[in-house]
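Structure incoming, see below.
Lettered A, B and C in written order, each chain numbered from 1.
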Amino acid sequence: MTLRELADRLQCNLTGDGDVNITRVAAIEQAGPGDVTFLANPKYQSHLATTNASAVLVARGTSAVDGGPALLECANPYLAFAQALELLRQVSMPPAGVDASAVVGTDVTLAEQVSIGALCVIGDGASLGARTIVFPGVVIGPGAVIGDDCVIHARVSIRERIQLGHRVVVQDGAVIGSDGFGFVRLADGTHTKIPQHGDVVIEDDVEIGANTTIDRPAVGETRIRKGAKIDNLVQIAHGVSVGERTIFAAQVGVAGSTQVAEDVVLAGQVGVAGHLKIGKGVIATAQTGIPNSVDAGTMISGYPAIPNRDWLKSSAVFRQLPALKKRVAELEQRIAELEEKLSE
Amino acid sequence: MTLRELADRLQCNLTGDGDVNITRVAAIEQAGPGDVTFLANPKYQSHLATTNASAVLVARGTSAVDGGPALLECANPYLAFAQALELLRQVSMPPAGVDASAVVGTDVTLAEQVSIGALCVIGDGASLGARTIVFPGVVIGPGAVIGDDCVIHARVSIRERIQLGHRVVVQDGAVIGSDGFGFVRLADGTHTKIPQHGDVVIEDDVEIGANTTIDRPAVGETRIRKGAKIDNLVQIAHGVSVGERTIFAAQVGVAGSTQVAEDVVLAGQVGVAGHLKIGKGVIATAQTGIPNSVDAGTMISGYPAIPNRDWLKSSAVFRQLPALKKRVAELEQRIAELEEKLSE
Amino acid sequence: MTLRELADRLQCNLTGDGDVNITRVAAIEQAGPGDVTFLANPKYQSHLATTNASAVLVARGTSAVDGGPALLECANPYLAFAQALELLRQVSMPPAGVDASAVVGTDVTLAEQVSIGALCVIGDGASLGARTIVFPGVVIGPGAVIGDDCVIHARVSIRERIQLGHRVVVQDGAVIGSDGFGFVRLADGTHTKIPQHGDVVIEDDVEIGANTTIDRPAVGETRIRKGAKIDNLVQIAHGVSVGERTIFAAQVGVAGSTQVAEDVVLAGQVGVAGHLKIGKGVIATAQTGIPNSVDAGTMISGYPAIPNRDWLKSSAVFRQLPALKKRVAELEQRIAELEEKLSE
């Protein structure tokens, strides 16, 4: 694609030679001739003088460098970078059709242009929407319903009767609809399994990371709402609800029946106890442990979680605790001396 | 099933119309006509007046509400709920038999009514007990021995020579018998792998969660004892022993050779170091980090783990640390003033 | 194998009957006749008098016990133990060849003695080196390049164009090359996916644990360098670099673009934020949370991570915080009394 064509498709202003052929998107330090790169953060502007890229996506108003790369001024360079990656994609997606080695059950509905990879298993009565791609080794249970334009990567489990909306992306090895961890403790201390036959609903535009697990409940549903993005190795227990546009980083765990509102961000390895309400827009920094419900708009840290600002201050003092303890001991010594003096 | 028949099978006292047809178990707030629900916790008794369920499983002595649902009085409503879910199960289990697409090795022993799903691989010399169900995409290694009435969900790995008892349930994607993480560090700083050929024994009535990993040791065994329940994404290292009826919530990790006794509860994301002994009945709250052995009957929290009661108190003070530090500084100021006064 | 032959092959000095037949390596407390065991730690020397093993691998200079087992003196008993396990391996590896049920794409290169197990999927243009073993149910994407003498256990995903060096071992269920977790946040709060088409390079002699996930970046590469060893359920985000001989214990998580140097050890459940530099030889104890770059040679603990020595001292005081707070309150009381006395 010529740089001019790329500029047109990304709706960018082009400064420089529009005839150069662009074949790849690359990071600014690794880019070479034929590459387009991006400068999302103005503080790295010095890279403009040193990059070997043919062109750079930049914010409007960025000045070109003499002898430097062509510039593509755009409203949102980071978004243009994402779009350029899609336009210059060198990876071909699997063709439509059902691989001969796949095992497809009875009464399966496959909409137009569905692609089913090698050695997939599609259970009886399952339904897949238009243009959905299922990579090899995926197991889809009976009665599962998957929308249009989904991408299900290799070796995913989607259990019986699970529902996925449109444009859902599931990375390799994820499990959707495994049994919730529910047992009744009997008088002799043993645990009887509570059958877990509830639903899991994954709404439109959700992404689910590799080897992430999402459990189904005994009754009712587990629900991941529109546009939520969930990273790798995340645990979502039975009956949890995850709000729209909410982000869970890798290795987050949310215990049963907790309701997470929209626009929440849980950073890596955060844990949330069961039966809580996490309010809209809550941000929890990495490794936070959340034992209680959290009000909307709060930023929290630590375990047990407290407001981030308090946690930062307390953590600073934590490091000084041995010194603080020594100061208290010295005070005790000095006050004892004063007391003695005064009692004389 | 009529409500009268359900009451008989659950051994409950019925108050209300026994002829109504019951088709589903549902949560009390979502239930409608034809549904049975349950009231395990008396504090939600007000729901009896508002639920649309046809019948409610309640503790003995619960009063019916005028115009409200039929009541099923039972000794343990939560257990009756679990049993009702089983009785009203709408999910059919796969039929007995070996799917034509499965790859079954030589000298494999399949007891009566075994079900092997599509695209499973059963290694040479493996043995599966009566009525055991293996869902699609499972790989069972050579010489593995699996008992009666097990349920192995899709895409599980059970490695060579691993042993499972009866009524073991393994959720999707779990790995049993992967190599323990054992290396010899050489003088040049590189690490040589110690071959891991030991055993893993999963005793009767164990449940293993989705994408959980249980390693085998170099020599000796890793053992999960009778009735232990292990949630998703848990790591159990080589040579670990997990006691009877012990519960590990999601994302727990236990390092090599640690012996966990019976009736222990480790909440979500707890970590346990290697070569420890965790005594009978120990409870560790979520995210606890356990660097040392723990006496039986202790409830612990924090990292490094301390008694829960101490941790709660210390955590409360942690939040006040900046204020405490200020108070110490003020004391230093006041005492300096007193010292000055007295020295005059 | 006779004990004499074993001694020769391990280059050990033999004291005792070299004609005894050795069939197995076992732990010193479980070993019986025909077993060889090892004594790596001199503090367990008393076991020499009680073990039923036929022979024990010991450090040079260890004295035999009257009527006790034969001794094999060696420079490094733990290394000899690893070698003995390999020599006495009772597990046969799968034979070379491609299982009839595997689905192999076009233009696939298989070097001599490659073994492809049942129901594997090998994408178009992939390449596997000599003697590499692929267990059942593995999915290898188009264009992936795998070196010689690798062992890929069951149900692993190796995505398109991923590169593995020689002697790489991947445990069951691991995912290499899943999409990095990268999104552009738009003005309306929704997130647009950034296509992730970058590379993952796994260098020689790396081990990757069961159900571990290693993401690919949008551009550039994720790289695991020579001899790094990564345990189960570890998350390695897009663009991370892991240094030579570095060790990650189970459930570690490293966020995007972080560069971990050589000879680092991250213990279980450690979390590392994105865009950091972790210096050579850094050691982080279990559950450490690392929000900032760390200088080479540092041992760190806690969250936020501080030097291990400081953390140990502060953690000791943490437990005494309620008492410390009480001491401060008492001081305030005593000083108020003094102030009153002096103002009289």
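Annotations
Throughout what follows, contacts are C-beta pairs under 8 Å (C-beta built on N, C-alpha and C of every residue); 3 or more make two chains touch, one makes a residue touch a chain.
No experiment lies behind these values; they were computed from the predicted model shown.
The two copies, subunit B and subunit C, are related by a rotation of 120°, based on C-alpha atoms and rounded to the nearest 5.
Comparing the contact residues of subunit A and subunit B by number shows a mostly separate set, under half of all numbers used being common to the two copies. Subunit A and subunit B have centres, each the mean of its CA atoms, that are 25 Å apart.
In subunit A, the residues that touch at least two other chains are 119, 137, 155, 173, 211, 233, 251, 269, 287, 302, 318, 320-321, 324, 328, 331, 335, 338, 342. Residue ranges of subunit C in contact with subunit A, taken from their complex: 103, 119, 121, 137, 139, 141, 155, 157, 159-161, 173, 175, 178-179, 181, 183-184, 186, 189-195, 197, 211, 213, 215, 218-220, 233, 235, 237, 251, 253, 255, 269, 271, 273, 287, 289, 291, 302-304, 306, 310, 313-314, 316-318, 320-321, 324, 327-328, 331, 334-335, 338, 341-342. Residues 25-27, 30, 37, 76, 78-79, 81-82, 85-86, 89-91, 99, 101, 117-119, 135-137, 153-155, 169, 171-173, 205, 207, 209-211, 227, 229, 231-233, 245, 247, 249-251, 263, 268-269, 286-287, 302, 315, 318-322, 324-325, 328, 331-332, 335, 338-339, 342 of subunit B are the ones that touch subunit A when the two sit in their complex.
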